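Chains here go by letter, A, B, C, D, E and F, matching the order in which they are written, and residues are numbered from 1 within each.
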Amino acid sequence: MSTELETSLPSVRQVQTLIKDGNEVELKLVTGDLLTGKVRWQDPFCICLLDHYDQPTVIWRSALVYMKPKQL
Amino acid sequence: MSTELETSLPSVRQVQTLIKDGNEVELKLVTGDLLTGKVRWQDPFCICLLDHYDQPTVIWRSALVYMKPKQL
Amino acid sequence: MSTELETSLPSVRQVQTLIKDGNEVELKLVTGDLLTGKVRWQDPFCICLLDHYDQPTVIWRSALVYMKPKQL
Amino acid sequence: MSTELETSLPSVRQVQTLIKDGNEVELKLVTGDLLTGKVRWQDPFCICLLDHYDQPTVIWRSALVYMKPKQL
Amino acid sequence: MSTELETSLPSVRQVQTLIKDGNEVELKLVTGDLLTGKVRWQDPFCICLLDHYDQPTVIWRSALVYMKPKQL
Amino acid sequence: MSTELETSLPSVRQVQTLIKDGNEVELKLVTGDLLTGKVRWQDPFCICLLDHYDQPTVIWRSALVYMKPKQL
């Protein structure tokens, strides 16, 4: 994997939009955990999620399964 | 993995056809989850699925196990 | 992984032979699923299996565990 | 993966800050294990965690799921 | 991964010796399965195991956990 | 992954020290197995562990989760 994110790719852009708009997401991980929060940043290895108390969780991309808008 | 999809490959073309035709698929994931929906887009890292309410789920390729036509 | 299959490798040739001969195989996946069918095609990312109703299942290579001749 | 860490990436810098500051973290692993400790070093393949008895645990990056500040 | 095996590496040579000597091994897989048999061939993607009935099982390297001499 | 180990990396050097000193380690694997023994050799794909009967177990790096000194 390159150490630069291809901002032209839909998957990269979608995460950038989420960071800008601050909408909440649900992230399913390989362990079966389902995390909820706002995406703060992404880089080629990780995605950072902020929970309701603004605590950051750094998630490795290799552990990501899916991401979707938080169900209201 | 290159950041361009090789559209000559059967697996890439098959997903492109699904996007164009809008047929529903079942996607099995490494967590054992089975998601159902229509494929909206693909890029080298992810596949995006739309559920019955048109809510998008972005799925990482590393988490994909198999894909088949939805059983009627 | 290159986007061309090295047809000189035993593992690639063995799958090619299965496609040509149409013999049934059992495929074990990382989820523990055991699929049965005939191999229709392979590319660098996926293998496609046809079940008894000729329904195709596209399986990602990253999810493959083992393949063996179907037990009679 | 290159054998040099890109210190300009947020995920790499965040771990460097943790090493310098000595704050405790929780590390979730693909096995479901949750390890607690201080990060001692990182390299492109592993992260080393020190537990309360200063015993080192070398963790492979491929097994990392998420990292967050230890809950007080 | 290159499409040629580095025969100078201990892990590659050890498997080559097993093929030549025909000793039985136990192979643990990511699914938790423990397979027993003789190694017939290896290539950069797979290892082929023969069971007691000389039936071949092609195992993907990504699914390998450990290999040891069969306990007598 | 290159087919040469970067001996300047802490994770590689730490394993080299373990080989030289012959101290026992605990190795956690993706299957949840916890193996105990002395490290005999490493290469870019595998690590070899010797148990109390000097039986070798070849472990694939992709299956490694963590390594720590054996608890006395």
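To be clear about the criterion, a residue touches a chain if its C-beta (ideal position, glycine included) is under 8 Å from a C-beta of that chain, and two chains touch if they have at least 3 such contacts.
Keep in mind that this is a model prediction, so the values were computed, not measured.
Think of each touching pair as a link: the shortest run of links from chain A to chain E has 3 of them. If you take chain C and chain E together, no chain is in touch with both.
When you average the Cα atoms of each chain and compare centres, the chain farthest from chain C turns out to be D.
For the touching copies chain A and chain D, the fraction of interface residue numbers used by both falls below half; the interface is of the different-residue type. We define each chain's centre as the mean of its Cα atoms; on that basis chain D and chain E are separated by 33 Å. Here the CA centre of chain E is 19 Å from the CA centre of chain F. For this pair, chain C with chain D, the centres built from the Cα atoms lie 38 Å apart.
Contacts with at least two other chains are made by residues 1, 30, 62 of chain B.
In terms of which chains touch, the assembly is arranged as a closed ring, every chain touching its two neighbours and no others. The chains touch one another to form a ring, and the order obtained by going from chain A toward chain B and onward is A, B, C, E, F, D. Here chain B touches chain C in the complex through residues 1-2, 6, 9-12, 14, 28, 30, 32, 61-62, 64-69, going by the rule given at the top. Listed in rising order, the residues of chain F touching chain E in the complex are 1, 3, 29-31, 33, 35, 41, 43-46, 48, 55-60, 62-63.
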